[in-house]
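Shared chain: subunit A. Partners: subunit B in the first complex, subunit C in the second.
Right after this comes the complex of A and B.
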């Protein structure tokens, strides 16, 4: 009864193409092209007489091309050229002959100029794409004190360059795909041939080729289509705007996916523990890096469990609280009209509102908001009798702890899980919290990223990978690549003969 | 809706999983109440002797894992015993699984009720635990087996806390005497039976053999698991003797948990509440595995083993299990005398399965080998 119907259409873009009634692979003529660019104000069709008295028609989209380069590479040379062969007059590195109107259309929309030679009845395209975009800046989402400061931009070619400069090897391969029937977004898979497990590449390739959607504007949208478990709160791809992170991932046997017009690359396959690793881990001394990594795990646990534990203890298990703390707690809670659950829920929701508002507001207003949120709301809540001072302290610690998780998507998932465990804690106390933790670990245990277990190297167990799991072992000890990634080259160093 | 496959062999596991599974499946409810049934210090030797005897069962089980039938799973059993016999054995197995799940689940819930939530309705707790197990099991056998690593890592460390009791001022070597029994009573035999039953569980792992890939060294891995269990039993028993003394240890229903209650922490007064909750990891793992086996056995009994597993069928099995557990809870477990009958029944049932399953498999393999 509810059987899925097979979709006939492939997308809006395709429907639009088909609705024009034009058959695919139409031979190119200037009339057909004129029809295609009709009602486009920025489309220019210019006729030009050469020295040989032949007429040349140039078609381009003004807003997509570099006008200065057009004058320099095409118009000026054509004016002075006496050669009959058109391609010999133009000073461009690549001139492509065009035969079909569909191909011409595609080139035109990607910033090429089409040149028709009416006498010879030939058409060729010259790429004059305007390199519009910002320069390379410092990463704002993954800031570090030491180490490389550059980050990806919206320009795909530039992003590939940033990676290639760090990995100057021919084994670094790139495969290009186009996704989105409307946006026709370029997607590039990068991997090191002979190192990355070919299974990952095949899976990623298949997943990208199977995407059937009209708009892919960001790498996170691409990830949403490629994820094995689409309803999970946990990110199954590592999103990063740092080229050094991508290079490190490539070097250990992962693959990197770059999406045009977005500064965030995707690394996969990943596991849960990769999301706790920071680029700085490999810059700091190993003992310091290990300490910081452990702090991150502790912070994650604190941000997840601190408030639910407060609710569980104050609602069900007063006997678990040491006597001295119990005195303080009873005193602060004695005037409160709300139960610990509602008190915590209100404070956590308020905190989330403040966090979300501070992200959306301009930087200067954000500071003001911090003051209002932190001091005024907190202090006022205590004085008004909505929340106890102990809870305010715990919420503060929990909020700060949540910021220690380097991955933003992960910290958001963390918040959501905190609410679920809070509800369980209010009903079942400590055992409810542990039920929540069991459900969480079971869920993580079942997740996969590019069909690879998400909770590796814990489950499944890979003992050697533990050297770079909860601690960051000394680099000279990490002689092999992560076993859980099944790289084709196990050793990280060249063996002496 | 995606296909619901519970018994797909999407992953194969090596020997370390076998070690962990053998160990954790032997450390369930009976391990918690063990000191009550042993009491006398000379039972330390009995634990070790029964543990060594358990190694014979382990040896016979490893022979099954090494055989060509093990890899075939259900097909292997059919080849060995014939379909009709396998169906009959499955039907009998359902009863044994049900009894084991009943005792470990209701036993754990009783501990929770006594130490964490005295006023809780145990039927609700039963429902919550079974819901979690249903979720774990619904992710498939491969994922459930993988969960053993998490269950082990979360629970095994708790043994270290008992170290504290060995170095207390009240712990004297005299608490461990007499190490040689002056008399051997019926109670002592019961202790032997109890330890043998507590060690039971690995016999159910023969049903999971298609998910294991290390066949050559399986005996080694199973032996490590069994040896670790014996070490834990001895350690728990010695710690409880030091803490309570042999005269008082039998007076407590849950001596292990009572001991943990005395552990002190600067942050939490009642650390036992956290530790009992942590124990849930291994109970969830074991119940989930038994839930899958229960469903599998029901399918074989009903001649549906070749059909695709269904969500509704699995949910129905879980519901049946819940209802039977709830009835057992109301009619048997809540009354002390009936509870003792149930425990006695499980002691015999566990002992029988641990004795006969490896033996029958071993003899069948030998006979088949000769034919």
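Right after this comes the complex of A and C.
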């Protein structure tokens, strides 16, 4: 009765295709092309007489091409050229002959110029794409003290270059796809042939090919379509704008997906523990790196459980609070109108509002907002009798601890889980917290990333991978690649020692 | 399939709640609504009943006062406290139980059993026997020291880890009480108008206090059984003080359980000495060491004799009768043998002198 019907039309792009008859292959003529670029102010059609008295018509989109290069490479050579063959007159590295109007349209929209020779009834395209974009800058989302500073930009080609420079091997393969019926976004899968498990590549390929959506503007949107578990709060793809992270991921047997017009690449398959790893882990000395990694796990636990534990103890288990702290707590809490749960909830929501607002503000205003939010609101909340001083301290520690997780998406997930555990703690106390932890563990065990278990190498257990899990073992001990990623080449050394 | 999963999850959730003991009648434990008390003092009442006291409130800023009720049963006292105070008194943070000497001499089992069966009360509750009127002491000190209850608890906690005084909690007391032929010990304090002073170790026979160690006995007990360490060991009879005394005790019992050899090796430094002693040469020092050994042997023998006469065994000597593949002595058998056992004490004192000495 409620059976889903397969939609015939998949989106605006398809409807447009039908209305303009784009789906059929039409031989190219200048009339058809004029019709296609009708009502486009930036589309220019210029007629030009050559020395041989033949008429050449140039069609291009002004906003997409490099005008200087147009003059240099096409107009100037055509003026002085006496050769009959058009392609020999133009000084461009690649000239493509165009036969169909659909192909012409595609080239035109990608920054090419179409040149019609009316006498010969020939059409060719010359790529004069304007390389508009920013330069390579330092990563702002994953800052590190030591190590490479460059980060990806919105330019896909440039991003591939950044990876290729670090991995100058022919085994590094790239596969290009186009997704989004409107945006026609270029997506590139990168992997090392003979190292990355082909199963991952097949799954990723299938998932990208199955995307049926009009706009793919960012890699996170692509990830949303590719994820195995779409309703989970945990990211199943590692998003990064650092080429060194991508190169490391490729080197251990993962694949990297680059999306045009976004500086964030996707690495997969990942597990829960990858989200706690920072590129600096592999730069620092192993003992320091291990210590920092352990601190990160502790911070994650603290940020998750500290406030719920406060609520559980002050609501249900006063017996567990150390005596001296209990006296202070009773003292401060006796003057507050709100119960520990509501007090914590209000402070956490306020903190989230401040965090979100300071992110959206310009940098300098954001700093001011942080100070106002952190100090003024916190202090005022205590003085006005909304929150206890101990809670403010705990909220502060919890907020700082949540920033230690290198992955931003993970720290957001962390906040949501904290709220759920907080509710459980207020109803069931410590038992509620443990129920929350059990549910969280069950959920993490159920997740997969590119069909690979998300909680590996803990469950399923891969003993050797523990050397780079909670600690970052010495590099000379990590002789094999991660078993949980099932790489085709197990050994990291070219010669076995 | 989806419904089946939902059902399974629902059953798990309900079971978790039921198994964890969560009941629909929620006991309010919000800390702002309750008054957790830290000690109970139980003294003899006017008639056959008890006089229970506790200090309220737990708030630091509020003026504290001593709440006292006359009751026949402990839990009745708890109810009585609640009727007298606007916050509900909770015993989840009860850390000390101070029992008067009179009650201790009559037996404390009924009191201990009541406390032991209360799931809210911790087994780490410190026990102490108080000579004199504790209420009077608290009332006199409240003006000067508002957080007196907390400081008392800190004292117990400190000596629990540091040694030097006998500190016992409910769990340890019950363990020794129910071990065959093993006498429990509890610290004894004396409360007067302005002082709350440690007196010694109270030795129990079953659940009744029968003896309290005097100063010398207490120090010997600390050295040979409790912590094997004393920071200061003053011996007024010989006019000197040993410092940082560590003891190494070896106990041997013959196969017939008729003789007990107690060898104690004492290492310490001479902290203070009266003017009359001259310890300038090695010979003088060794003579002095022999004098101490003799004195301590005499005192220890006296202490052990006293224990034998009272038929108590706070030193847990019965455990030296346990042999593999043989039946342990029962309480009565051990008691008879212990009473008649010959005790030989041997001290080996090694003293680090105050200054350099001549050879």
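Heads up, the rule we're going with is that the second predicted complex is superposed on the first by the 492 of 497 C-alpha atoms of A that agree within 3 Å, B and C clash if a C-alpha of one lies under 4 Å from a C-alpha of the other, contacts with A are read in each partner's own complex, and residues count from 1 in each chain.
The rule is short, and it goes like this: contacts are C-beta pairs under 8 Å (C-beta built on N, C-alpha and C of every residue); 3 or more make two chains touch, one makes a residue touch a chain.
Since this is a predicted model, take the numbers as computed values, not measurements.
The superposition on subunit A brings subunit B into a clash with subunit C. Contact with subunit C, but none with subunit B, is seen for A:324 once the two complexes are overlaid on the shared chain. By the touch criterion defined above, A:494 reaches neither subunit B nor subunit C. When the two complexes are overlaid on their common chain A, residue A:453 makes contact with subunit B while staying clear of subunit C. When the two complexes are overlaid on their common chain A, residue A:333 makes contact with subunit C while staying clear of subunit B. In the superposition on chain A, A:433 makes contact with subunit B only, while subunit C stays out of contact range. In the superposed pair of complexes, A:93 makes contact with neither subunit B nor subunit C. Once the two complexes are overlaid on the shared chain, A:314 sits against subunit C while remaining clear of subunit B.
Residues common to the contacts of subunit A with subunit B and with subunit C across the two structures: 316-317, 319, 321, 323, 428, 431, 435. The part of subunit A that touches subunit B in the complex is made up of residues 316-317, 319-323, 428-431, 433-435, 438-439, 441-442, 445-446, 453, 455, 458-461. Those residues of subunit A that touch subunit C in the shared complex are 314-319, 321, 323-324, 326-331, 333-334, 336, 339-340, 428, 431, 435. On the side of subunit B, the complex with subunit A involves touching residues 11, 13, 16-17, 112, 116-117, 128, 132, 135-136, 139, 143, 146-150, 153, 266-270, 273-274, 276-278, 280-281, 284. Residues 16-17, 20, 22, 29-32, 34-36, 38, 58-61, 90, 92-93, 95, 120, 122, 147, 150, 153 of subunit C are the ones that touch subunit A when the two sit in their complex.
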